[in-house]
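What follows are several structures.
Two complexes come next, and they have one chain in common, subunit A, joined by subunit B in the first and subunit C in the second.
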Partner chain A sequence: MGDLDFLKVKHLHIDYDKLELDLLNKVLEEEPSFQWCISCGCCTASCSAGNHTTFNVRRISLLLRRGEIESLEKELEKCMLCGKCTLVCPRDIQLRNVVMNIKRNILKYKMILL
Partner chain B sequence: MKKIVVIGAGIAGLEVSKQLLQANLPVTLIEQSSKIGGNIKNYAYLFPDFYNAEDLLNSYQYIITDPNLQLLLNAHVSKIDFSKKIYNVITKDGITIPADAIVIATGYNTFDARLKEEFGYGIYDNVITSVELEQMFKKQEIITPSGKVPERIGFIHCVGSRDAKVSNTYCSRLCCITAIKQAIETKKLLPLVEIFCFYIDLRMYGLLFEDLYLSAQRDYNIQFVRGRLSEASEMIDKKIQIKAEDTLIGRPLQMSADMIVLMVGMEASDFSKQFKYHNDLNVNEHGFFDPINPHNLRNLTAKEGVFLAGTSIGPMSVGETIDHARGTALSVLSYIKSN
Partner chain C sequence: MKTYFQYPFLIGTIFLFAALIYIYIKWYVKLSKYDKVRFKKFWTTNKVWKAIKDSINDGLLHLSIFKKNPVLGYMHMSLAFGWFLLIVIGHLEVVVAKGGLNFPFYYAIFFRYFETVHATTIAKIFAAVMDFLLLFILSGVVLAITKRFYKKLFGMKRTTKLKTFDKMALYSLWSIFPLRLLAESCSAAVYNNGSFLTNTTGAWLGNMINVSAIYEPSWWLYSFALCFFFIALPFSRYMHIPTEIYYIFLRNAGIKTKKTWESYAQIQLYSCSRCGICLDACQLFDAGISDVQSVYFLQFIRNKVDAEKPLFGCLICGRCQVECPVHLNLNDLRTALRIKASKPLTFSYAYTKKPEQQTADTIYFAGCMTHLTPNIKKSMTKIFDYVGENVWFMDDDKSICCGRPLMLAGQYDSASQLISKNTELIIASGAKNIILSCPYCYKVFKEDYLLPDINIKFHANYIKELIKQNKLPEGKLNLTAIYHDPCELGRGSNIYQEPREVIEHYAHRIPLQKNKDKDRALCCGAGLGGVNLPAEAKNTVAYNTMSYFAKFNPDVLITACPLCKKTFVRDRRIETMDISELVVKAIEQPNDSKSKETKEISYAII
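Up next, the complex of A and B:
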């Protein structure tokens, strides 16, 4: 059946019952304001990195919530930590701190695995 | 004879007065400006049926001549003295009016858009507010402040609403439908104009509001972009550059427009703000007066004999304001009867 691997469509949909939410919970614990994003997109529109790369800071929250954490580390390398997202956020989310927290927790997570 | 003082002659204050006068009670109506009507004077037509706002206001003109009504114009209430059984309402000019019951119908202020500096109001020419656009409807002529017939207009939702950065975390809830109403009216005057509405959520809470939204898309080709304005800047030709994220496609978006219209939200009036640190009347964290509860005691304050009407308790449409004011009049009547 190895030839029919393309039929395995698990990456095409989000399987909510099998999500890895440890990282999300850890980040939320340290920066609770991350919980109340309304996806207005102000952060992405003003993002210095987002205007020159494909980086989308708003989607970080969604990726984390839907368990798509593999691509997260690479994605966050694009952030320059300028803090404009935090400045424009109408919900007063400390996004810069969120990014720092994710980076730190990914690092810890990796060290446990090693 | 029991005496009732109504503070504010917007439609809430007018409706309460009208109902109480009908019951043959003497009313003193205090208004800070030189005319009755309050905020409804800013509007040309009302959603969702484009009813003429001036006609509605004119339907109250007759009460001015009622012998039981004492109308005080250009009068600012500076203090209410609750120390005696009969309260005293004191104006800045030193006039003292005794009152057995007081109705607070002090309405709302529109948000001062200059506080959102990144949107450029008061800095760039072609950034206007929804109130200013309404004045253009009254003249039936839409021209940008730099004197051009606009080819593209951006409507910016949630200006001063749902925004922790200006301490207004609540939704003003009427601006969404106002934007759609204004977009349609603009299209009627300028059929060739392109209109883009930048929104976070569209809150079409009224029965007929969703129909108007559908009509905006179907009959007037009004475009909707799901993304809040992040910042606006002025281009060399005085056009405004809009920066937002098109959140549905997930990419930053830039657009030039001849004019942007900021849908300013409703804020508590200066009158209610002055009671923020006052023990007698409760003002909530949004600056509006707090009724005893928001269900069946929406017209009453914790202070005996003091009643609330209209947008002094939070954003309301014209119809809701009039309904609420009628409820207040009924509460006042039963209070006066039982005392």
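Up next, the complex of A and C:
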């Protein structure tokens, strides 16, 4: 296994037993267009917030799918809701609504935990 | 003669007045401190007359509805104005007949029952007038009933059912006047105290049945119908009748809708008469969305239904607000609710990097949307170069949003973070002018940025000024153009004339039909207010709007908003350009023709 040491990097591991998919399912239910994403990167290229920092819609998608709610919440604080991503998306995904939806659902999710 | 049938009416009336006084006082108490001062001061000014005039025009005559839909206007007018006249002239009749004010309050309502003989000419004239008014109202009732069933017959969708109180009020309102006709006809059959209408129907009734048997019960029924209507009114949609008058007075007192949902917003909510005129104005109807329209939306709020989806599903284009015959501030009401709904969500923009601070007389702030349509940006730079303006392109590299999109999503607190960042840069630059090429930025700069010493100009206005100062070339292009009014610029910031003048300077503008022009212009469908609208709905709106423009067969569609441009450009039927691109085209044109001339000359030499 010595050659495959890179597999042992802890933070890259996803524990499927602990994976929380409720948030993802809820968001996809409320904004089904998010399923059509082909990760082309147009949103990231046009993003106002992405110009200042590493904010990135594709990463948000990844964090959402991994169920990493804490970092997702932190990341989404940066969005300026300007809506450029929605306009450039070749798949007509309503990204502005995706952001609002994730934020709203994280809030609901936290309320349940409390 | 002792009678008892007036008691239901009296109970209803007393209940109605008690409820109204309670609600009116509650609303007044909940107004903000300054609004109370405004309202108190208002009674000493001339604006009172304006308010009275508005109340008569809108509350009684319904002129605003009349202008838009004469049949609907007539229906509202016959019920409101007809009933009002019936009450006033009814009392006048009693005063004349009794020769004074010495009669009980309910006497005028049931006058035909008490006045069994009338021989004088004046009494006969009064009877004729009262009959005419009754006929006038009955025609309105017939229209109202037909309207409701006609819609059902033809399968018009109604999204929400009427509430119990709405039904009670509706059916009792429908029955009040036919019952009055019945009761008065019975009186006329017995005493012959009616006129052309009631005497005729009375005689007809007399031939068919024994009138004396239904004489008393018919007056009882009339009284009960009034009672039911009055009791149901405060809980039904007919609450709009007394509320609208209250609203007209508050509006004329200069009270504005706040960012929070408070008493004035509540009054507007109850002033909606559900005439349905906003339905025709809403372009989303054609896109298959039938819950965001103001009339339905306000109904959800009134009935306390969860309305988060329709709340964020409106484009905030403002077309319904322009059409509203009650003049409700529908956009502001939605904004107030959006702020309330999205309060728990937070954003933080500590990460943004400052661009290099520069000093300049004039700043150009392109905004996010202009960055997405680089042709506009380039055109503006070319115009600045052409006139030799010393401009600092503030958000050329590290751009920050203006804050308006956040506000449209209800995030006013988050937007203020961006506003303060931009404001800091602008003030430090020592600029006197700031030029914006996006109507969204323009609106927020004008209304929410605190920049008292700085001239905030929209690029169309700036170009207009340049033309006036003869800094831009003359020469019309051989183009026919249509100007599309962006919602945020036209209805939002009231700029209609300058872009038109610029276009007419450089191209042949095709005027649009009046019902689709200026404040009634169509929306492109991409409005940033529509947060959770599906893409299909937006595309349908854009397609329909473009189809309307395509009918005129212009060479170019000119708009003044990068968002509209971005939307229309996808549709290949008409070439779309921004107003600044038109100007650049005009700047570059004479050079072309000059070079052609030189070419021709050079050929000649060869």
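Simple rule for what comes next: the second predicted complex is superposed on the first by the 101 of 114 C-alpha atoms of A that agree within 3 Å, B and C clash if a C-alpha of one lies under 4 Å from a C-alpha of the other, contacts with A are read in each partner's own complex, and residues count from 1 in each chain.
In the analysis below, contacts are C-beta pairs under 8 Å (C-beta built on N, C-alpha and C of every residue); 3 or more make two chains touch, one makes a residue touch a chain.
Note that the coordinates shown come from a computational prediction; the quantities given were computed from them, not determined experimentally.
Undergrad: Clash or fit: subunit B and subunit C on subunit A?
TA: On the shared subunit A, the partners fit.
Undergrad: Go through the superposed model and pick first if A:P90 touches only subunit B, second if only subunit C, both, or neither.
TA: It touches subunit B, and subunit C stays clear.
Undergrad: After the superposition on A, what does A:G50 contact: first (subunit B), second (subunit C), both or neither?
TA: Only subunit B is touched by A:G50; subunit C is not.
Undergrad: Considering only touches as defined above, state whether A:G41 meets subunit B (first), subunit C (second), both or neither.
TA: first
Undergrad: Looking at the overlay, does A:C82 come into contact with subunit B only (first), subunit C only (second), both, or neither?
TA: second
Undergrad: Just checking: does A:R59 make contact with subunit B only, subunit C only, both, or neither of them? Give me first, second, both or neither.
TA: Touch partner of A:R59: subunit B, not subunit C.
Undergrad: Just subunit B (first), just subunit C (second), both, or neither: which does A:E31 touch?
TA: A:E31: touches subunit C, not subunit B.
Undergrad: More residues of subunit A are touched by which chain, subunit B or subunit C?
TA: After superposing on chain A, more of subunit A is contacted by C.
Undergrad: With the two structures laid over each other on chain A, which partner does A:M100 touch: subunit B (first), subunit C (second), both, or neither?
TA: Once the two structures are laid over each other on A, A:M100 reaches subunit C alone.
Undergrad: Taking the superposed arrangement, what is the smallest distance in Å from a C-alpha atom of subunit B to one of subunit C?
TA: In the combined three-chain model, subunit B comes within 6 Å of subunit C at the C-alpha level.
Undergrad: Once the two structures are superposed, pull the subunit A residues common to the subunit B and subunit C interfaces.
TA: Shared contact residues on subunit A: 46, 51, 88, 92.
Undergrad: What residues on subunit B touch subunit A, complex-wise?
TA: Answer in residue numbers: 118, 158, 162-165, 200-201, 226-231, 243-247, 250-253.
Undergrad: Report the residues of subunit A in contact with subunit C in the complex, numbered from low to high.
TA: 30-31, 33, 46, 48-49, 51-53, 77-84, 87-88, 92-94, 96-97, 100-101, 103-104, 107
Undergrad: Residues of subunit A touching subunit B in their complex?
TA: Touch list, subunit A to subunit B: 38-47, 50-51, 56, 58-59, 88-92.
Undergrad: Using the touch definition up top, name the residues of subunit C that touch subunit A in the complex.
TA: 312, 342, 344-349, 351-353, 368-369, 371-372, 397-401, 405-406, 409, 411, 418, 526, 528, 531-535, 539, 563, 566-567
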